[in-house]
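After this come two complexes, each holding chain A, first together with chain B and then together with chain C.
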Partner chain A sequence: MAELLSSDPQHTAGLVSGGFSEAAFEAFLSQRAALLGRQEPAWLQAMRREAWQAFLEMDFPSRQDEEWQRTDIRLLRLERFGFPQPPPSGSQTPPALLAAGVALAGSCVHLNGWPLRWHLEPQWQRQGVLFGPLDQLLLEHEATLRPWFYSRALQARADKFAALHAAGWSAGTVLYVPPGVVVDQPLHTLSALGGGTDLGHQLVVLGEGARATLLAETAATAGDANAPGLHSGAVELLVGPRATLRYVNLQDWGRGVWHFAHHKALVEREGRLQWTIGALGGRLAKVNQHVALVGEGAEAEVNGVMFTEGRQQLAYHTLQHHEKPRCKSDLLYKGALQDRSRLVWRGMIHVDPGAVKTHAYQRNDNLMLSQTARVDSIPGLEILADDVVCTHGATTGNVDESLIFYACSRGLTRREAVRMIVSGFFQQVFDRIPIESVREALGQAIGRRVREYT
Partner chain B sequence: MSDTLKIINLHVAVDDKPILRGVDLTIRRGEVHALMGPNGSGKSTLGFAIMGHPGYRVTEGRVELNGQDLLAMEPHERARAGLFMAFQRPVAIPGVKLADFLRHAASNIRRPDRKEGEELIPMREFRKELYAKMDQLRMDRDFARRYVNDGFSGGEMKRAEILQMAILRPKFAILDETDSGLDVDAVRLASQSIAEIGGAEMGILIITHHDKLLEHNQPHYTHVMLGGRIVETAGPGMARSGPELAAELHRHGYDRIRAAYPEAAADEQAMQRASGRAEAAAV
Partner chain C sequence: MATDVKPEAPLGFEEINKYDFRNAERYVFKSRKGLDAEIVHQISDMKNEPDWMRQFRLRALDIFLAKPLPTWGGEIKLDFQDIYYYIKPTDRQGHTWEEVPEEIKRTFDRLGIPEAEKRVLAGVKAQYESEVVYGSLRDELAAQGVLFTDTDTAVREYPDLVREYFATVIPPTDNKFAALNSAVWSGGSFIYVPKGVKIDFPLQAYFRINAQNMGQFERTLIIVDEGAQVHYVEGCTAPMYTTESLHSAVVEIIVKRHARCRYTTIQNWANNIYNLVTKRAVAYEGALMEWIDGNLGSRLTMKYPSVYMLEPGARGEILSIAFASAGQHQDAGAKVVHCAPDTASRIVSKSISKCGGRSSYRGLVKIERGARRCRSNVVCDALILDPQSRSDTYPYIEIEEQDVAVGHEASVSRIGEEQLFYLMSRGLTEAEASTMIVAGFIEPLVRELPMEYAVEMNKLIQLQMEGSVG
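Entry: the complex of A and B
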């Protein structure tokens, strides 16, 4: 565990060590009380303890579970990690890619699983918007936030990693927008990890008719691109009636990070959600992205941009759940694979009985940049209602040599040609993303990664 | 001394099947050469081999641009040295806007030592130039924002190829059946466009079945290819002029040629039997 403790002696004294033991959990709880300046409320402590019991009782997922068939966690040594530790003072965070050149309504930065700094422009504070670190705001605005936190979207017992998260979540960002308030500038949150553990939790609540854009990203701190790390995270998005949320989640952890997460959105009557996922980082990722359309006429657009290289293994499981009539969901995930990396996309459209007049689409296209990469693309439909329109499709292909030659005949080097063809491959999903800084960040991240294609 | 593209005793194989069997051709800047001949005689192969397509293997011979060995260069280096090919069937590059594609291409070709990632021609400056050329070619400016050849009609693709040539201003251009698939008016427009964009300052090799494309680009020389070699050439100081031979072939076909060159005609037959149009399949 020594590797997780900071080298700054001021911060190592008396802190938790020894992975995820009983003693470590108790120490973590008392440390929280000390840092927050008061005890967390009884209900929250009870929630943590219950989840901790679940974590101890539950088995690790095995490859016999259908969900985990394609995710190999045999090399994960959970005992090498422990509860998040406050970062050394004066720690630097990497630049925020998604917020480059953007005037922000607010921002919230976390490092190594702890809130570092945050702000919200006064005009939004005056209108009742809440934005900042979840642990503090949940205490300060308990009456407003408690009804949403872990109430409808997520289950602590979904799997062992979800239970660990529910017991030990520390960092994380909350955004609450009261009914009718339109936040017309994006909010931004960054979680950086320089090795160690991040158990960040994001909670977004939009009241009826509210509008907001949240740009969320993760990154490795400078010099720690390959440090071993663990992220077990959760995202809850609660989009109220006629509310509109644009949510971007760019996952760009360092290459030593094990990334487990459950993301779920609930979209109420005539609510609109546009959700863009960038899956770039991590050593291994297993993410469940679940969109539930729980009110009539709700709509969700889901965009995924995935790029894997080296020996990365990323698995994204998506679910578009139509619970009510006249909802629409449209999912487009695109992936490119390089080297010996592995990518899994498993998508499901589920239409409940009675969810008539559903429109649901899902599509996944993958581009192979090496012969040794592997992709599994598994679309699925479960339709229990009549009078619905559902389509799904998946393609996988190589970069076409005739396109490369054509571009080279115009003076582009082979590598420049491949980069251009790869960026063109992603353009269809970029065209759906209205935020320029997001398109640029994703496009540049992918451009940097594409190497020679042979 | 004017720029010279010199093809010397070129032999090319596709999938180990010999296609070109010793082609000699010299083009100087400012000259228009027409290359005619029946399908499968090796005309497109000559174009691909000069441009450096990896599927076309040179087994013998040389290609020189001002004495430089072109065959030792990668395709992008040949392009930067001043070579251009307008494709018979240009491929679509989905998601890549024609303007962005051409801006990269022009930046490379005007600065041949440019490394990837180095600055491009400023967007504003390039757009102005691109629009001016599009206007000149009577192309809708919307094409600049469309993806390269994606969903273009046959005529639009060929116009886009000519536009690329106009922007890149090569020393030598190979136009591979730029007239195929076009109606008479479109061919006339293409022919006129080539002349308008300064075709006279390039060395041009026009591969064609017809003389229509030559209307505004009178060939100084016309060559006939059969069985993988050039069997007959017309031009200044020869029995017939380039346009005369082109007109004859357009009107009467290749029967006279086959009769006059029985050995090449036999090679042509053998190639067609052996490959079942391997050339078309390889492209």
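Entry: the complex of A and C
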């Protein structure tokens, strides 16, 4: 197992903490060079500096902007955060929910935006699989990884947070599976935050005909469940021709974390992507999840499980982009809301001209568990081709009293009854997830959250 | 001088009344292009309005100038200073029959519209002589206490009633085009139906031409008092030709307790018009508001009829149909806002895109906090007839209450191969089969139309479908 000398006093001395100032950025770059043991290549430094300029130039998102209208970031003070700081030595990471009882092909753990430890089983190393912290592997395997990194999937200038990420990304996990290699055990990555900033970047590349499963999760470190934190992240998934990727992303940050992310997948000819998102944590989340079907016959299944409580505000914006003929996409997002929380799902199916024989579906169901919660459900279709079948549906309702009554009459307490009904509500999406540990982890996390229902 | 007022006969301000055919006086008035306080004063002077309306217009003008254009919806390429904001109806026929485009004339012929009516529809002639029908209907309604006149007249003759309701449903601050209309409005219908009075024939349908209420900035106000009932029909199925580029109406409807109102629109403006309209109704306890909204014409339509359900038991139903052909963008939809418990709404939207046209459904379902036991259901279906065309669906669902049942579904597809194959196997050509399928697709709208409109609507769909391959 590799370990990073994360808290060598020589390296941490002279750090500028707090704020995203010019000086903090320069200090961050030299700190990285020291920790990695060498300078990042010129192209990467140039990319960072260009994004940094964009970050400085770009305005904070405005509430007038349709994209940000439903995400209230007026209380966010960026200056209270700074570039990721190496965690103190001996830091503990929380248990990995998704990996419980699973034989893993590899794992990679990050803490406070810095890689902590990672490993990949030798049999996969021998077959040319790369897995570990992105910043290290990008230097060691530049020729293999550079063509994919920030290549087609992401834009550094999408918004101010995306620019900050592109300038200051650190850590994050990369998975590269060469053509034809089938990794039949899941890989796992955990990003934990005990307050502070995480600018993790995930890059997954599957060569032609490759197969893999990656379970990614975020969590709060013990005792830091409410510490203020900032995550500005990015995920790029590049699924090659006839490759199959299962990707699970469970967001379970502490309740003080502002979570901003751009996730994008490109699925090539006859590639398959199954993407499951769990949205449970954070103070506020604004996530853009974009699936582009860029080769004929590509298919994507997107699952979302969302549960909000307290004063959480989560906003997930999804896009199923059909660029080529004969592609299929199927999205199912289910959300339950408790207390004074707020949930936004805004989805779009976009079919390009000429993308005929498209089958696209999106569905969003919401369950209201309190009178003070608020949900916005905004499905959307933009269809520029004629020979297509595109459908969406959205429902919002509450727990049926008669069901509770029935369950109670069979000897369950009211709370048990509600928990059972809520888990039944999510069953439809759980049924689509073939990985047991993921179903278990999501089911238990939701079960724990359901409280008295009136 | 920016304004020409040329009295040809004894000047009578009543002349402005579009419905008052007994008045023979004529004059010509045309404001200059552009919009500023001076123009607003001129309009107010011409109409001899009370001061509160003048102040209202001036305030609305400030709001219009301050508000930005919407950043969503269709592309609006308009120079607001290159538009005439007030032209007297009698001066509207700026062109001759020869100038009316051939395709419009052809459509008139195909629809079988009488010669005299054609000229009015094409804007060549201002009025269509049907005073007898109009007069007798008005007497009948008047006997029941129904007030039905144009809004300009209402401001003068029923000032208290107008002032009580005017701009209460759609204030000038609502949006840029509502502000524009508030500043320069002219014409439109004013209807007051007293308590318990049920009008069993559609108003307006009988004198659709004469009414001339398809002005450029018409302002309609309908008050349906408790337990009363009315069906109002706006516009007509035949194409409306005008040389003006902007139509921006405001329609406000108040449906009081246990009253019912149905408002039917068939919009078929010529393809050079921007049709940017604000339509909203408020419904009180046990009331029913129905919008039936068909959009066939215009270059860009942005129109989202809405129902605000303010008291328990109120209901809103909206049926929206859009047909977008070459060069057209129909950004139509519906809004329902549930502000009280036990309210129910239903939206059905059907759209068809062909020959590069774009039709969009944009809608809102909002359940306010405290509006328990609400039900809302939305169904959107879209047909795309060729690869050049585009269809969008943008439904917004915002829910702040737990005890609700809200559903939305939408689908976009093209005409099914099996359906075509079946019909063609029964001896129809592909074009006939496609037309039949499209007619079936919009049948829910046609069924709700008064007879003569339904007949024309079907002919119109046939015309629209000509030359298109399913």
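Convention: the second predicted complex is superposed on the first by the 440 of 454 C-alpha atoms of A that agree within 3 Å, B and C clash if a C-alpha of one lies under 4 Å from a C-alpha of the other, contacts with A are read in each partner's own complex, and residues count from 1 in each chain.
Simple rule for what comes next: contacts are C-beta pairs under 8 Å (C-beta built on N, C-alpha and C of every residue); 3 or more make two chains touch, one makes a residue touch a chain.
Everything numeric here is computed off the predicted structure, so don't read it as measured data.
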item: Clash-or-fit label for the pair chain B, chain C on chain A; value: fit
item: Which superposed partner A:G424 touches (first chain B, second chain C, both, neither); value: first
item: Chain B versus chain C as contact partner of A:G380, first or second or both or neither; value: second
item: Touched chain A residues, chain B compared with chain C; value: C
item: Which superposed partner A:S89 touches (first chain B, second chain C, both, neither); value: neither
item: Touched partner set for A:S370, first chain B, second chain C, both or neither; value: second
item: A:G397 touches, of chain B and chain C: first, second, both or neither?; value: second
item: First (chain B), second (chain C), both or neither touched by A:S409; value: first
item: First, second, both or neither for A:V388, with chain B first and chain C second; value: second
item: Minimum C-alpha spacing, chains overlaid - chain B and chain C, in Å; value: 14
item: Parts of chain B lying in touch with chain A, wherever the complex brings them together; value: 51-54, 74-76, 78-80, 84-85, 87, 90-91, 93-96, 100-102, 104-106, 108-109, 112, 116, 147, 164, 168
item: Chain A to chain C touching residues, read off their complex; value: 64, 66, 353-354, 356, 366, 368-398
item: Chain A - residues contacting chain B, complex; value: 400-403, 405-417, 419-421, 423-428
item: Footprint of chain A on chain C - complex, ascending; value: 71-72, 369, 372, 382, 384-414
